[in-house]
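Chain nomenclature is as follows: A, B, C, D, E, F, G, H, I and J, assigned in order of appearance, with residue numbering initiated at 1 for each chain independently.
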Amino acid sequence: MEPIMNKSVAADLVVAARIRRGLTWAAIAEALGAPLVWTTAALLGQHPMTAEQARQVCDLLGLDDAVAESLSRQPARGADPALMSDPTIYRFVEAISVYGPALKELIHEEFGDGIMSAINFKVDFARRPDPDGDRVVITFDGKFLDYRW
Amino acid sequence: MEPIMNKSVAADLVVAARIRRGLTWAAIAEALGAPLVWTTAALLGQHPMTAEQARQVCDLLGLDDAVAESLSRQPARGADPALMSDPTIYRFVEAISVYGPALKELIHEEFGDGIMSAINFKVDFARRPDPDGDRVVITFDGKFLDYRW
Amino acid sequence: MEPIMNKSVAADLVVAARIRRGLTWAAIAEALGAPLVWTTAALLGQHPMTAEQARQVCDLLGLDDAVAESLSRQPARGADPALMSDPTIYRFVEAISVYGPALKELIHEEFGDGIMSAINFKVDFARRPDPDGDRVVITFDGKFLDYRW
Amino acid sequence: MEPIMNKSVAADLVVAARIRRGLTWAAIAEALGAPLVWTTAALLGQHPMTAEQARQVCDLLGLDDAVAESLSRQPARGADPALMSDPTIYRFVEAISVYGPALKELIHEEFGDGIMSAINFKVDFARRPDPDGDRVVITFDGKFLDYRW
Amino acid sequence: MEPIMNKSVAADLVVAARIRRGLTWAAIAEALGAPLVWTTAALLGQHPMTAEQARQVCDLLGLDDAVAESLSRQPARGADPALMSDPTIYRFVEAISVYGPALKELIHEEFGDGIMSAINFKVDFARRPDPDGDRVVITFDGKFLDYRW
Amino acid sequence: MEPIMNKSVAADLVVAARIRRGLTWAAIAEALGAPLVWTTAALLGQHPMTAEQARQVCDLLGLDDAVAESLSRQPARGADPALMSDPTIYRFVEAISVYGPALKELIHEEFGDGIMSAINFKVDFARRPDPDGDRVVITFDGKFLDYRW
Amino acid sequence: MEPIMNKSVAADLVVAARIRRGLTWAAIAEALGAPLVWTTAALLGQHPMTAEQARQVCDLLGLDDAVAESLSRQPARGADPALMSDPTIYRFVEAISVYGPALKELIHEEFGDGIMSAINFKVDFARRPDPDGDRVVITFDGKFLDYRW
Amino acid sequence: MEPIMNKSVAADLVVAARIRRGLTWAAIAEALGAPLVWTTAALLGQHPMTAEQARQVCDLLGLDDAVAESLSRQPARGADPALMSDPTIYRFVEAISVYGPALKELIHEEFGDGIMSAINFKVDFARRPDPDGDRVVITFDGKFLDYRW
Amino acid sequence: MEPIMNKSVAADLVVAARIRRGLTWAAIAEALGAPLVWTTAALLGQHPMTAEQARQVCDLLGLDDAVAESLSRQPARGADPALMSDPTIYRFVEAISVYGPALKELIHEEFGDGIMSAINFKVDFARRPDPDGDRVVITFDGKFLDYRW
Amino acid sequence: MEPIMNKSVAADLVVAARIRRGLTWAAIAEALGAPLVWTTAALLGQHPMTAEQARQVCDLLGLDDAVAESLSRQPARGADPALMSDPTIYRFVEAISVYGPALKELIHEEFGDGIMSAINFKVDFARRPDPDGDRVVITFDGKFLDYRW
């Protein structure tokens, strides 16, 4: 009896196969017919795939059933804290530290006492051309949930 | 000689005056002709205002010159870490922990080795009506900066 | 111009008045017509009260308008981390550490991928008589939210 | 001489076998005639099983004696702290941070100086249908222990 | 309306009065007819006194009613973490780090799965004469509580 | 050349052999003619044994010379911090947090400025029958050391 | 008897006076005839000034003798850790995290086993015009110290 | 399918080959025609190399294709925190703690509100002969980025 | 009733008076007839003085009885952790990190299983002239204590 | 291609060989003609040895070339933080916490603003016979370095 392959091991195999086969995350997402950020996050271990999605990805990448089994399992979510200081990710952390309290004020002003859900939630990634240098545009779109007793 | 009023003291006075006068953050931003998230963050101590902006805000809120002087000073940025576990702010922290590594992959795939700037950067806040419950839509829009030696 | 009274200062005044007037949390909740745990949490600074509720409580306890103003303000939620090691509170922390992963398994088995909301959520407190010693019975009742992109 | 299999290794094998055989936690608990949350927690390594219970589970799941030996051993309890930030588990942590001080007040008001035991303690898990979305209902039921010198 | 005096403020006043009046902790405990370690811990803020005990102590030490009110309040227990590295206290911390796992083994061997209660619990302090240097003898005496679902 | 077996590996082997042979810690201590808590702590890696003691234990438990060599080596003392939150061990941590400052006061009152040694020190473990439930009785007995320049 | 004014209080007064009098750090350094980074750091509390330098600065800024006394005292060096996450300072922290191991390799390759002194050390700050945007140029210049027994 | 070799494994192999072949970092940088600090940092895992650069380095050092593949991959940047207390690296950390706030003041005075980029950034390493002992000279040269909404 | 003056407040007053009166620590130690490091540590709050010593110091420095009372009280020992990163103190921390394990080996080789007491312990401070630069010589001299059950 | 053996692995092999061959650290230091504390620290991985020293040690201990190669490599210095709480090492940590601020005062009084170098530095270890129990005498001897811009 083997335990189920750890999702970080599966993610490393997905990344290796993706690169060696010359496939982009966008191409995989398109093949699956799934949103880009969702697909990337799922393959990195943050969302469970359906068995069908997992099989499709593994066929595309030439990975075996143990990887597919791992991809379809329920994850324990959250990144390794060491990754939070990678400069590309840290800029998001910094933005939350600088703008988080302002966003809290505006959510309460506009919606009342509650939160933006991080569960009924989607993230969009886009490139916006700009003559002064192209821009990364990330959209967080979450349902407002009011504190309701 | 008095030291310059601490920005968190100034922010507490701004918040108190804003509520007692019945003004919204949106109304203050409009009065200043400045973006909503920027204005809110600045009044909470995260951006320096020009002397003119600081004067305008203090006139609007009935606050004295010591507050205006504080608002126009260069801040040391970043929120009190204790605030990061307030549920409304924590959902952003959680979203970065869940989606940060995926966003890093996509930034590198689309732009190459580099980051989304958190300095040449703006944040937009909006409410999107939805029959299943209105949604909070936050957009991060930052210039891509490539690692350039 | 005075800043709004800090909610922990207001809570200390509520606690002092409650004890000196010989009122129980249950009596205050009943006077307000509000749930017991919600009322206690709100008076300790974790929920905003309506202006009317705040006025009622302050009338009952002989506290002035500055306390009422504070009670009706939007809080930044979360307890002082030092409190988490008080033995009465720590037992809850320990229970989450021991049973949290099992509850996660069961939530996913019964409902699928998602969470118990801590926002659309209520807590009930009761005493259950038992010949071997009466028991504390705490019920967490939160809406299931599925990960929905 | 082999050391006793680590309980987290045994738990990984139980989880893998459970999924591959298509068994639910509820089915295993029923087969054992033991409470649902207790059984799940025990199989994840938080409670020792009797030798008989361990044997039964391993028969059901097709696991060998080394797993049974591990399941019957005394655990060192407590989850990996990294798991505490998984969103499904974190909501419990957040609820304790928001409501813990209120529950402490109410325990003392109702019972006097003491705690809810986390040892003479049981946890119940249920699904409550609700037209606005079904709800997760968790009950903590612990004997009150008074500080007694 | 004044808040109730913080227990650490009351403790500082008790300590000052005790020294200036030349009273020992033992003398205070004897006057109260209460155990020595309990009395000392209570006056340092770790146990609530009855109103009568609090009055007696304040009479003995010449302290006013605000101190007595504070001493009779329910505490949030636990020492300032900075104190844990004071050498006199640290030796206990070190002893738990060195012998804690052995005591766990022996509790389980002798009693089964459970804990020594820290609530139904008493501590004794004594001096034992010894020709090689007198000894500090501390006894922890707690009821065994078995994990009982 | 093999490095000396790590003491935690040796401890795991001792624990496995002890259970499989049906020996108690008390029986091993008796066979060695050594105190119970000392023996248990030494076998868990907190004290070096003499070569003769190590040989005796390994004979009794059917363990090989590499284990004996490890048991006789000088340890680096102290438990894995993760173990400190196991409920059985945590109750000692909690007791030190609640009673440590009182014990410090009483040591200074009785002995003057100094500490209870944790080196010239012994720990006793006993079960005390009690009609309300048997009790765990732990005695710390350490030489007083005065600050002496 | 007053204690000596805390250096962070003195720094706040220096900053306030500097701004209100419209003086730059560069102008103050020039008036003192001292290096720019050294002067700024000293006035922020990181280096002791001579009594003469402290008097000169206080004359220039209209500050009283208590400030001068504080500026001439030996500091305990190091910034408030909270400041390390201000974005302007954090970029230096990030650079050390990214390039620190490479600099260590190069110091050892060029000089052998040792360090760049942070005591026999100076820091230079300059602006370098650049058509693609002016640049901040910081030079660390420290004596090599070899490990010498 | 093998995962891509971890960059820290690749770095260990580069270091071993470099030493055994008697090559300096400077010689490798020269062979690549790339800056010294950049090359060293890249080989330690902090920058991706082009496939061509990775091949050249591996030819020079006698390392196989798996190392080259690893060197050309996008890194997650940042050093192991344990390394930050190595004395050679710690002196940089200390310098930032002592001089960071002064550098922040001077950047704002000279450039306005913004930062020195750590992305559009280069580091230079040099030895400066000095009769009192040669000196390590490190230059940080980063583009100024102004906060621009 | 006033609480006893905090020892850090007393230390600040001692430091201020010492400087303003132009007295060295050495002169104060000599006046007391007490060792230099002991006297300095005691005045900074790490050792209790006798009432007579406290009176003598306060006479010498022109400080009032409240300071003397504070100096004669039992301390809670240990420095503010923030001070540990002051460069002058940090070098000791670094030395322990680099040489601590070696000193442990040598203590055990020479004395057997035990420790150097930090209680029956003295510290000496001296300046040793050296043509290459004078040296700081610190001697730790502590009684060996063997683990003795 | 093998990476260079990690210094902690080499240290474990040195320790095992030293014990099995019955050699003391003192004997090894003597054989090398090197100071005792330096030699012990170097073999534990804190100093690089010359190739000749490394070869000599490995001949003496019967260790192979891979160990010698490791011993001669540049280390990243500093002990595992977990070791800092071993009681034998912790007493040094405690001494720095208690006496560090006093030593800082005395260094500044005697030498001015600066530090005791931990690089141009040696440590001596000795046993001093004493009728009340022999003593461990550790001498830190470091060059004074003044802050020199």
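Here is the rule we go by: a contact is a pair of C-beta atoms (placed from the backbone, for glycine too) under 8 Å apart; a residue touches a chain by one contact, two chains touch by 3 or more.
Listed by chain with UniProt protein names: A, B, C, D, E, F, G, H, I, J = Cyanate hydratase.
Since this is a predicted model, take the numbers as computed values, not measurements.
Student: Could you tell me which pair, F-J or C-F, is linked by more C-beta pairs in contact?
Tutor: Result of the comparison of C-F and F-J: F-J.
Student: From the options C-D, B-D or F-I, choose the one that repeats interface A-C, i.e. more than half of its residue-numbered contact pairs are shared.
Tutor: F-I
Student: Roughly how many whole angstrom separate the Cα centroids of subunit D (Cyanate hydratase) and subunit H (Cyanate hydratase)?
Tutor: Roughly 47 Å separates the two chain centres.
Student: In angstrom, rounded to a whole number, how far apart do the mean CA points of subunit A (Cyanate hydratase) and subunit G (Cyanate hydratase) lie?
Tutor: Going by mean C-alpha positions, subunit A (Cyanate hydratase) sits 42 Å from subunit G (Cyanate hydratase).
Student: CA centre of subunit B (Cyanate hydratase) versus CA centre of subunit G (Cyanate hydratase): separation in Å?
Tutor: So the centroids are 29 Å from each other.
Student: Out of subunit F (Cyanate hydratase), which residues touch more than one other chain, so two or more?
Tutor: Correct list: 76-78, 83, 85-88, 94, 97-98, 104, 108, 114-115, 117-121, 145.
Student: Please name which positions on subunit A (Cyanate hydratase) make contact with subunit H (Cyanate hydratase) in the complex.
Tutor: Where subunit A (Cyanate hydratase) meets subunit H (Cyanate hydratase), its residues are 9, 12-13, 15-17, 19, 62-64, 82-83, 85-88.
Student: State the interface residues of subunit J (Cyanate hydratase) toward subunit I (Cyanate hydratase) in the complex, per the touch definition above.
Tutor: Those residues of subunit J (Cyanate hydratase) that touch subunit I (Cyanate hydratase) are 24-26, 36-37, 40-41, 44, 46, 77-79, 83-84, 86-89, 91-111, 114-118, 120-121, 123, 125, 127-128, 130, 132-145.
Student: Touching residues of subunit H (Cyanate hydratase) toward subunit I (Cyanate hydratase) in the complex: what are they?
Tutor: 85, 87, 90, 94, 97-98
Student: Using the touch definition from the top, list the residues of subunit H (Cyanate hydratase) that touch subunit B (Cyanate hydratase) in their complex.
Tutor: 35, 38, 47-48, 74, 76, 104, 108, 113-115, 117, 119-122, 145-149
Student: Touching residues of subunit E (Cyanate hydratase) toward subunit C (Cyanate hydratase) in the complex: what are they?
Tutor: 1-4, 73, 76-78, 118-119
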